[in-house]
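There are structures below to look over.
Two complexes follow with chain A in common, the first pairing it with chain B and the second with chain C.
And now, the complex of A and B:
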């Protein structure tokens, strides 16, 4: 087979699952298995998406949600990376945060949202703090394991060349943990969208989550699904950008360690 | 009496291995003069790498003294350059930045860093590879970068931990001659740990044989080979063969002595 047809085949195999999913969706919608008022057809969602896309205020809502996700994600990184790094280099810090991390690891962070809203009020602040809490742990855990796994020999090597204990973090430990930390970032990015939207659905005046909630309440399921689709596309683009940037930063690393 | 460049006096070291204490070194003594090339050979697990890492300042002794230029070793220092078995290059840095690493740490101006690093890149024949990362290099290339990185910031003592162990036979010989040339032109003090007796005899002024654990220096051989000629003449000479056989037998004896205890 020539290379052109191989490439086409690869592209086809990537699209195939989506195509099958849409066909199945359309099939179920038409069959009447689920009440058509609750499951709009693919066409109805597509035309709702086109309608939303023509509306300027929709992009404002998207931007609000996107900003909250990334803002909370940045907070999560700003708090989580130092905690993870501290835990890896200091037994005392590990002794303090280790049990907390273990205890809260399986806690669904969405459960905190109502409380945060009570404390911080409805709006971006409570939303971003909720996102921060949910993205904190991936940063903590991946940074911790990344740094704890840095080969002793690299540390010694830097020490022999005059790097003192205090500067090891910047000169060796963090650069050597890039792969782990970027993996944590990618996982946290996914969480950040989920939590930002969930928080908006619980209580918010703006954002895609709020919009989805309103459409759901009013029975405009085609528009609700269109909003879900839009945020999926946005999250997908954000993920791809993260992967591309990560792989560029990690171009020194083995090919098999690339993010997919 | 002239003071030794490096003095190891009655040094002992015990490790904890899965809950069991393991005596790595027991009252080890060793004195090395300035400019000397000393190799340490011995059965595997005899603690020779431990000794080297202690001289590097990475591991502290339980008892005894270790001195460099008469001062006790309290930690790593730029006076002692270390070349590790697995090269230990920083994979996120290019060849150039790896070689420049120690130079930059010494607060040299960026201009001087560039000049020195480029000189060493030429010296090790890696011109054109400045911007490669270590994953793009062969084992021999990585080893050359590791040696250049350590030579570049001019430590007065070099601590080499099986520096050629991971190389194929041909590359190893080329690198050995390269090291010999660098040592001759710079006059550094070199301590090399190796399990390759031929390599130790070919390169060193003195070969120390270590016992099985707990490690002590049990035999020393002064090597007076005429190295003004080429490798063939040295390796094929009777003097070289005789001393290599002696050292090999001494190491062999330590291996045999050790085996009944292991059963």
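And now, the complex of A and C:
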């Protein structure tokens, strides 16, 4: 067999479990064992998904949610990476932020949402700040470990060649810890969706999380399932893009450091 | 001389503790001062002392212990379901090629999805009370456990499996006496990852759907602008997360006391 047909066969064998899953779902839905309001058929959810896909306001809601999660993620990176880098290079900074990181590490971050609603009101501001706080720690921790783990010999060599502190950070420390920071980014990306959607479900006027509850309350369960499916697909695509971009950025590194 | 040295070590350890905790003390002082001096309205940020005083009436009204117990019950029940399902599925994936073929793509697809999006579905299926929250916790945590159990089970050296087989160990014995102990280090890492997920899911589900627990009480207090109460529940959530993580580390040390490294 040539390589093309082998690749096709591999892809088919990976898609087949999804097909079996859908067949099982359809079988249960049609068997009459479960009330169809509780489990809409695959066809009903698919047609709802197509309907949503043709609906401009659905994209608006998706854009609101993704804007909040990615905006909060960017804020988390902008604050978290400098703190992590600072902690790795300066004992004083480490002495200040280290205990704060330790004390807040085990706080479930959604606990801040009621407080942020109180401070910033219901809307994008409180949502994005909640996402920022939840994505802050992965960035701080992974940047810190990445930079602290840079082999000392690289730092000494650079210093011996007369590299100043600023260039040391940009040309040696950050590139050498890129892999760790990108791993932190992937974890933070997952958090950002969870927090953005959770915050919308707790209190919001817009966004996909709010929309899902509206569908649930009005009994449009096929649309509710379609919205969940859309979120799953988009989160998967966002994760794959992160992995592919990370691997592209890390193409100069050893192959075993690639993300899965 | 001895007494002096002892006094010296005590004062130096107190000094070390102070140095380690100074950012927290500083934060508490800035919080108290900013609130007392009127830089922020108390409805937004009540003084720390007011928050601490708020513990007393809440405890008297029975609004402290019960929410903690409800939240812990939901977390523990969800975790228990996730651990059992995760271990069974992970081990079968490691041992049976068909199961791995069937589940691997489905798990790879579901792993990065925000599980909280399923809460409306679970509320539809299991109602607004305990069960939908427990199922959300289980659904959130089952994926790290499957991955940990699978990773643990695939690290068992084939020689050990053959040796156990040669000594007449059956399928169940192989699972219980060989694969499970060998997977414990990986499973304990899964527990450390899964427990914070479980707590977050519980609190989030309670905030969204109500029905008591720390999350439910907190969102209720926020709606009535009882800010000191919101902070009390926040501090309790922080302490709960911290104590449980500490407990998991202790448990790991105990369970893996035979394991080197």
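Criterion: the second predicted complex is superposed on the first by the 227 of 260 C-alpha atoms of A that agree within 3 Å, B and C clash if a C-alpha of one lies under 4 Å from a C-alpha of the other, contacts with A are read in each partner's own complex, and residues count from 1 in each chain.
Heads up, the rule we're going with is that a residue touches a chain if its C-beta (ideal position, glycine included) is under 8 Å from a C-beta of that chain, and two chains touch if they have at least 3 such contacts.
Nothing here was measured: the structure is a model prediction, and the numbers come from that model.
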For A:109, using the defined touch cut-off, is the partner it touches chain B, chain C, both, or neither? Pick first, second, both or neither. second
Partner contacting more residues of chain A (chain B vs chain C): C
Please work out whether A:253 is in contact with chain B alone, chain C alone, both, or neither, and reply first, second, both or neither. first
Of the two partner chains, chain B (first) and chain C (second), which one does A:68 touch, if any: first, second, both, or neither? neither
May I ask you to decide whether A:172 touches chain B, chain C, both, or neither, giving the answer as first, second, both or neither? first
Per the contact definition in the header, classify A:197: touching chain B only (first), chain C only (second), both, or neither. second
When the two structures are overlaid on chain A, which partner does A:163 contact: first (chain B), second (chain C), both, or neither? first
After lining up the shared chain so the two structures overlap, which partner does A:153 touch, if you call chain B first and chain C second: first, second, both or neither? first
Where on chain C does chain A make contact in their complex? 19-24, 27, 43-44, 101-106, 109-110, 112-121, 123-125, 196, 199-200, 203-204, 207-208, 215, 218-219, 221-222, 225, 227, 230-231, 233-234, 237-238, 241-242, 244-245
Would you tell me which residues of chain B are touching chain A in their complex? 53, 56-58, 75-78, 80-82, 84, 86, 88, 90-94, 101-102, 105-106, 133-135, 149-150, 153
Under the touch definition given earlier, write down the residues of chain A that touch chain B in their complex. 151, 153-154, 156-163, 172, 175-176, 178, 251-254
Could you list, by residue number, the parts of chain A that touch chain C in their complex? 13-15, 17-18, 20-21, 38, 95-97, 99-100, 103-115, 117-119, 189-190, 193-194, 197-198, 201-202, 209, 212-213, 215-216, 221, 224-225, 227-228, 231-232, 235-236, 238-239
